[in-house]
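Both complexes below contain chain A, partnered by chain B and then by chain C.
And now, the complex of A and B:
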């Protein structure tokens, strides 16, 4: 069974990034790169500033927010419009639909969050340093895990973006940083552990070790995609009561 | 009326409405009330209530925890002017990001604006009604937890002097809540009114508020204690601007922005600029009743 369908991919790409929508995704990475450049020119007092702007801003905010909006919209927009019916009526397997949409969402997140993270890292640290490369690797992994979660969420509920905001802002943003136990279930910390394996920068403060994060990250990704496929397999279109 | 209408081809003899026409003010009032109800999902399905209700419950959590702490003999756990700053900032971002599109984007999406403007409603009335509704909703989100905090505290304090001290501390907190509501509502609506796609506008509002907040925190962090950079770093985000203005107006509790010192006026100017820009954008958006 094919896991990737070019037509579905083309439709998804055009719907997700067409017209002015792409502008929304382009602004955060431009801010990330611009602020990194400005900070480099202004020589801030805190010597750990590259880890802060790249980690606390690029990695913990730009990456999950970009993944959230792209990940919930690749399938969510079709469900909201009702065009998903046309797609489901074709002989394309449901699994292929999910996996294709997931691949597109992940690729788009990598372009709009991971690559800018690398560019900002190169600017901030002045070359292909461990920190810049490490955060890039972590962001690539983060794009995969986050998008699996958000694609799954968008099949499960019509209010995926709102619930995803709670998850990103409260769970990843607050709980995972204050409550140690929440880190074991935090996609952000899996990606951060991976980044730290390359970067070895104590300022990144990863909450889980590398083995745990690789194993848990893989489990979460596969599980989320499996649930998404099952949900779409038994998908029935309901009118939006809200 | 139908008696002298004989011979008029197009009079189908339907009954005319002879009652009072309540006019423009009543339309604005009704629109405001319905929008306010929509902001909390009232009159809608259970799904529409999930976000506002859970946001409200989470917002009240610190105040309820405070009631237990005070009842066990502790002192008030959260100040009235900042409440629990991280909780309030994050919950309000989620609330505005999800509910502002609920108020304006849906009307754009279902193309009902021309129907509104077919009534004796002036161009400015629609955004004013929507703004009043969202600002009131934000006011409920911000002030009710403060009142719970106050009630929980005075329930365990003894003597009129203690109650009066709490009341005097509460009043500036309520005023700051009003400032928050107006600012967040006008900016949120201005961003949300640009598209009929709720997913898109929710993302745009969330990105603007959350990204700028994280950026402000990083800028404040890297600039070093007490430097001008740390004091001015908060200017990039509406939420930290609100905190800077709070300190400028005499708020003493530590907040997300370090002591603004002599830069307080810059925060005041920035707040007026943000609110002004939001209001101008909103007014410009509805000057023409475009369909999308």
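And now, the complex of A and C:
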């Protein structure tokens, strides 16, 4: 069974990038790069600021927010406006549809969040340092996990954006950073652990070790995609509003 | 031959029953699914098309269940009522993309053929977002036909079409049905169904109210008792003449005119003009008092 369908990908890309919503993709990364440049110019007293800003703010806000906007729009927007029926009324396996949408969302998130993370890292640390590369690697992995979650959320509920925002701000933004036990279930901390494996910067402070993050990240990704496929396979249209 | 079989199929949303214990077989040709809004037509079409799970009963298309079975779409084309198409694509791009998703061996040729069928060759390179509702409907029909399906399901296909487009679509569906395809369309407009389909299934409140040849059902509909309000040059004399006619059950003189209870809608409608002429009474107004489709359907359910 093919895992990728070019026609689905082409329609998804045109739908995602053709909407005004696409402009939103660029907002969080521009903020990240802007903040990094400003801090670099103002020479903060704390020498560990690049790791704090790009690790904490980058991985628990910018990366998940970008993934949220993109991940919920590749499928959620079609479900919302009803065009998903055009795709579902074909024999294309539902697994292929989900995986294709996931690949597109992940690639777009890499462009709009992981690459800016690298650019901000280069600006903040003044060159191709271990930290900049580590943050880039971590953000690439984070894009994968977050998008699996958000693609799943957009098939499972019609309020994916609101619920996703709630999850990003409350779970990833607050609980995972202040409650130790929450980190074992934090996509942001999985990404941080990977970043730290390359950067070896104590200021990154990942809440889980590398092995846990790789295993848990893989489990969360596979599970979320499996649920998404299942949900899409039983996609229902209501008729005769009861 | 591919047929659609429903055996005691029901569907409910929460505790609201939308489709109630329907058994029917739909074979080749055009079948009209007629009923007032909210009768369960869309729910039934969605179940046939694999977009809703029957809560109870068995539903098969060409022998296989349609729910959670994407392979069924090799045989089915479906047009939902919701007007959804990728506005950012040109009509031809949309139909070609559907041809590729359907796995057509030559998507470009299949798209050209389907677009020709719905008479959309002229505007096919324009974006769908610039189309009128009727054009969008036709390009969606082209996409649904691009893989040459045995079965075509259409939910309220004539909504938003102008009379010429309507005629063209009726002609197209009629031809597809004559080729031996199974065409099922829903409508709440009697005349659409009358013009297009020989076989109709009438749904009222989730149930199958009548089923079979259109002419027999039409007779049932026109021979139902009915109330008319008549205003004329001399209501009292007209009332006296009317009460002697076999199609009239009762006459009442009211300030608004004569209220006539007819036992047979068709016979009374055919009779009254001649009667007034013979009596030398001028007819000013003849209004059916409860001429709503719902009342027609309600009658069918109880008869």
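One rule holds in what follows: the second predicted complex is superposed on the first by the 236 of 242 C-alpha atoms of A that agree within 3 Å, B and C clash if a C-alpha of one lies under 4 Å from a C-alpha of the other, contacts with A are read in each partner's own complex, and residues count from 1 in each chain.
The criterion applied here is as follows: a residue touches a chain if its C-beta (ideal position, glycine included) is under 8 Å from a C-beta of that chain, and two chains touch if they have at least 3 such contacts.
Keep in mind the model is a prediction, meaning the values are calculated, not measured.
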item	value
Combined model on chain A: chain C and chain B, fit or clash	fit
Which of chain B and chain C A:83 touches, first, second, both or neither	second
Partner chain(s) touched by A:171 [first = chain B, second = chain C, both, neither]	neither
Touching partner for A:91 - first (chain B), second (chain C), both, neither	second
Chain B versus chain C as contact partner of A:11, first or second or both or neither	second
Partner chain in contact with A:161 - chain B first, chain C second, else both or neither	first
Touching partner for A:234 - first (chain B), second (chain C), both, neither	second
Partner contacting more residues of chain A (chain B vs chain C)	B
After fitting on chain A: smallest Cα gap, chain B-chain C, Å	12
Where chain A meets both chain C and chain B, residue numbers	240-242
Residues of chain A defined as touching chain B within the complex	21, 24, 27-28, 31, 35, 39, 42, 44-46, 48-49, 52-53, 56-57, 60-62, 65, 68-69, 72-73, 76-77, 80, 158-159, 161-163, 165-166, 169-170, 173-174, 240-242
Chain A-facing residues of chain C, complex	13-14, 16, 18, 37-46, 49, 51-53, 67-68, 70-74, 76-78, 80-86, 88-89, 94, 97-98, 100-103, 143-144, 155
Partner chain C, residues of chain A touching it in the complex	5-8, 10-11, 14-15, 18, 81-83, 85-94, 233-242
Residues on chain B engaged by chain A in the complex (per definition of touch)	41, 44-48, 50-51, 54, 58, 86-87, 90, 93-94, 97-98, 197-200, 202-204, 206-207, 210-211, 214-215, 217-219, 221-224, 227, 229
